[in-house]
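Once you've had a glance at the structure underneath, I'll fire off some questions.
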């Protein structure tokens, strides 16, 4: 279901420097899928465009969605001041989400880097329905010892942290952790900065395993109309008839081999 | 003292439809004069210019200023939502104010029309120090029976209401009230819509009595720099060297004979 | 109350249209608004062949608006006619197709193909896209070039043509007159204003194309001024656009002389904007007892 | 850290100036900011004789900015030299006088009088005010006219001259080159963009002059683009302005190629804006270890 609505903030807290954790009460939770995202609109009228923020967790019974985001500018700074009972203007749920069924019975990597970690939580929850928990290997790349969401993730899989400063887990990025811990997988799901996704694309292609990567790009409409957020595709895209797919609607999740990043 | 500051709202209530009564805690109260005004700045970044609002009442002991304003657009609409403890961005105190000393021992008209009534309150208070209360005749022109501030005004002078719909006092404008009640005065202080001020200017000139009228005009800077808010003057203005005076700094109060309105 | 407006003999149920490039071909927004409620859907610029557009980032936010340099990515006229027009035909709204090209021949090829599609009521000729190197803008910033392409297209167009003008000119009235003299049936303006944003921390351009077209409420006063100047310079009708977010904005353009208005970037901010503007115009007409919308055109 | 910048041989302690017409002659804002902290005060446009300006309303608010049509009200050059220059001389800041006129002779008369005042470091020639019927803008929207007036003024000017360009043109690079070829020592841009606002309830213009010059953060992306294009078209230095509210905005203009920046309408919103921008630029240079401000000019 795609709808723009004014929802209610259930709670919000800062869980790491500049990183905020907000629960929103909305019936959009009923249809939300792991890997989908919301567009959140600032209230100040000088900042008009929506901020795309991935869905971190879903509680259908409570009609609640959780988003975890980093303050990146005036819009997200405004969001960070919202508290319980405040309204939040959202458009959702958007995007295709991760293909959970591809993991059926398989050994998996969930790779999240920085603010790409949050969508891994709802994905890990969903994957528990299609494969054994010991198959769910969550590799989370952090800057430092502020390993936000780690406890939540540990409830749904084996978590291997990597930190840039080596303060927790393996020193380095998520692929360094894979090597150091001697891990392997049959399917990869990933979200994070572009250099990390490029490395994962190479890693998966070398091993000829599927990697479903969630991409980010500046967006204006969030619904596929403006063609602002495209990614180059290997084949001619069925909708655009050129080598471009829309991240907001054809994505944000793509099989790494399909995109030229 | 002229200063831009972020002050605290002490209280606010709607005292007539679309008309709000706000008390602000600020040390600007210590130097505020009757007839001066504040520039109030909206917080929403899409509306940048200050809203000039006249000072209705001053409590120096409590360092508090009172403003009474009508919702006229997005800015004042925003202000109307402020409550106790909220901040309000103000620049003040601005303008010359009413020449209270001109009323020493004299019989006076204080004429306020609509949202021109509020500045009459602090003026009436101040005039009590220079002339007998029975000399202070406050003629207040309202739209209808919502005679806001009437009780406050009655504490400082004799109040003669006039209403457009005749629901209270004399039916008609402030000059109709003067005629109907058979009133006279040696000095006039007035604030209100331009047609009312023009009529008062004529009335005063016919009787050759001084009339100090407070003018309004769209402002940008409020401090005399932009030359946006000028009024035509009878003589060449000493600052501008043309027939224009700045309402924000040379005014807002002018002796009616000096201006060409 | 009659909200109809007529442009070059084509009657629209109301004056609210979508600005080319902000509404796709209507499909995406049909999930949010009932297209039957709109005066017209103006489709995204289409060329004779598919265009890949510009590299990303293609969009950036600016104070009160946005910059875009999509570069007219489009699937080409054949896909539009086979896929998008049939979709739009299902709705009771007018279809206006925005046409772009790199050469006069490109434009003519598209215009001729559309001549066979009676469901398309009008053609809007985009000679003002600031984001493609060749063609487009080159035709839109010089009066002689604008005259030339207008005349050429008129020779081949079966439908009435709307010339979409660039605001990046010294004298919009001169451009409006040039298009009228060359046979344009109507004008639409403004296209986007060329802008730039620099990321001071990365010290790079916010948009890969360096410059982008600026749209949004921030540009409205410039758009209203140009619509007023253009409408007073020509006899043909003008479609006004540029930062329209509300019915109040739309009415401002109509009072300035616009016979119809288009909602652009604000669709991105509020997907319901178009229909809300339709309802708001009706409310204004009711409040001020305006019987015919046409009584408001240029009524300032 | 060295925040100095040099324009046409004149060195400024920092690149922050005031935009003509938004700061009077400094007296009003000296109550809020220490003028000694500014690179320069650029005074309100002055003519050979007093000008009464336009009828009111002269200003109106628009989304993210404002419109003004003051009409260059000014007390005339004699009052400026007897009253305002002596006031500014008390401060350790550069004085730049903005000069306006209706005819070339008007400009020349003012320029010659200012030649006798060594305290005035530079002259800014306003050929781009959109709010006065004759003169001014007429010189600023045609390259040949801009060339002519620049040459004439150069013949009589003792101080280096800055030609202030209008953004209401098709090709700002062409105008910049025209001024440079005619001998301009520097350029400043952008002046205001011509805009219009209509009150839909009263169905009248918000500004008595109908159109007004638009300024404020809303126009910044257009200003940055034009500063970038002008700075890349000429060798002479460019002073950038248009919607600067913060140090981040100022640095964006400097990266685009501006050797200095001016704060305009935002003085009205925040009387401390100029000094806050000075401090903010210093903080940016410290954060990114920029030793000389000049290293940032055009560094995108």
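Order as written gives the chain letters A, B, C and D; numbering starts at 1 within each chain.
As a convention for this text, a contact is a pair of C-beta atoms (placed from the backbone, for glycine too) under 8 Å apart; a residue touches a chain by one contact, two chains touch by 3 or more.
Everything numeric here is computed off the predicted structure, so don't read it as measured data.
Give me the set of chains touching subunit B intersected with the set touching subunit C.
A, D
Quick check for the class: compute each chain's Cα centroid; which one is farthest from the centroid of subunit C?
Ranked by distance of C-alpha centres from subunit C, the top chain is B.
Would you mind pulling out the distance in Å between where the CA atoms of subunit A average out and where those of subunit C do?
36
Can you work out the whole-Å distance between the CA centroids of subunit A and subunit D?
Centres of subunit A and subunit D (C-alpha means) sit 47 Å apart.
Mind checking the centre-to-centre distance between subunit A and subunit B? Centres are C-alpha means, answer in whole Å.
57
Residues of subunit A touching 2+ other chains?
45-47
Spell out, as numbers or ranges, the residues of subunit D touching 2 or more other chains.
In subunit D, the residues touching two or more other chains are 63-65, 217.
For subunit C, which residues are in contact with subunit D within the complex?
62-65, 67, 141, 168-171, 193-198, 200, 203-205, 211, 214, 217-222, 224-225, 228, 243, 248, 251-252, 255-256, 284, 299-300
Using the touch rule from the top, collect the residues of subunit B that touch subunit D in their complex.
2-4, 41, 45-50, 91, 217-231, 239-244, 249
Report the residues of subunit B in contact with subunit C in the complex, numbered from low to high.
These residues of subunit B touch subunit C: 45-46.
Quick check: in the complex, which residue numbers of subunit C touch subunit B?
Per the stated touch rule, the residues are 63-64, 217.
Would you tell me which residues of subunit C are touching subunit A in their complex?
Residues of subunit C touching subunit A: 21-24, 28-29, 31-32, 44, 50-53, 56-61, 63-66, 68, 70, 73, 75-76, 79, 216-217, 265-272.
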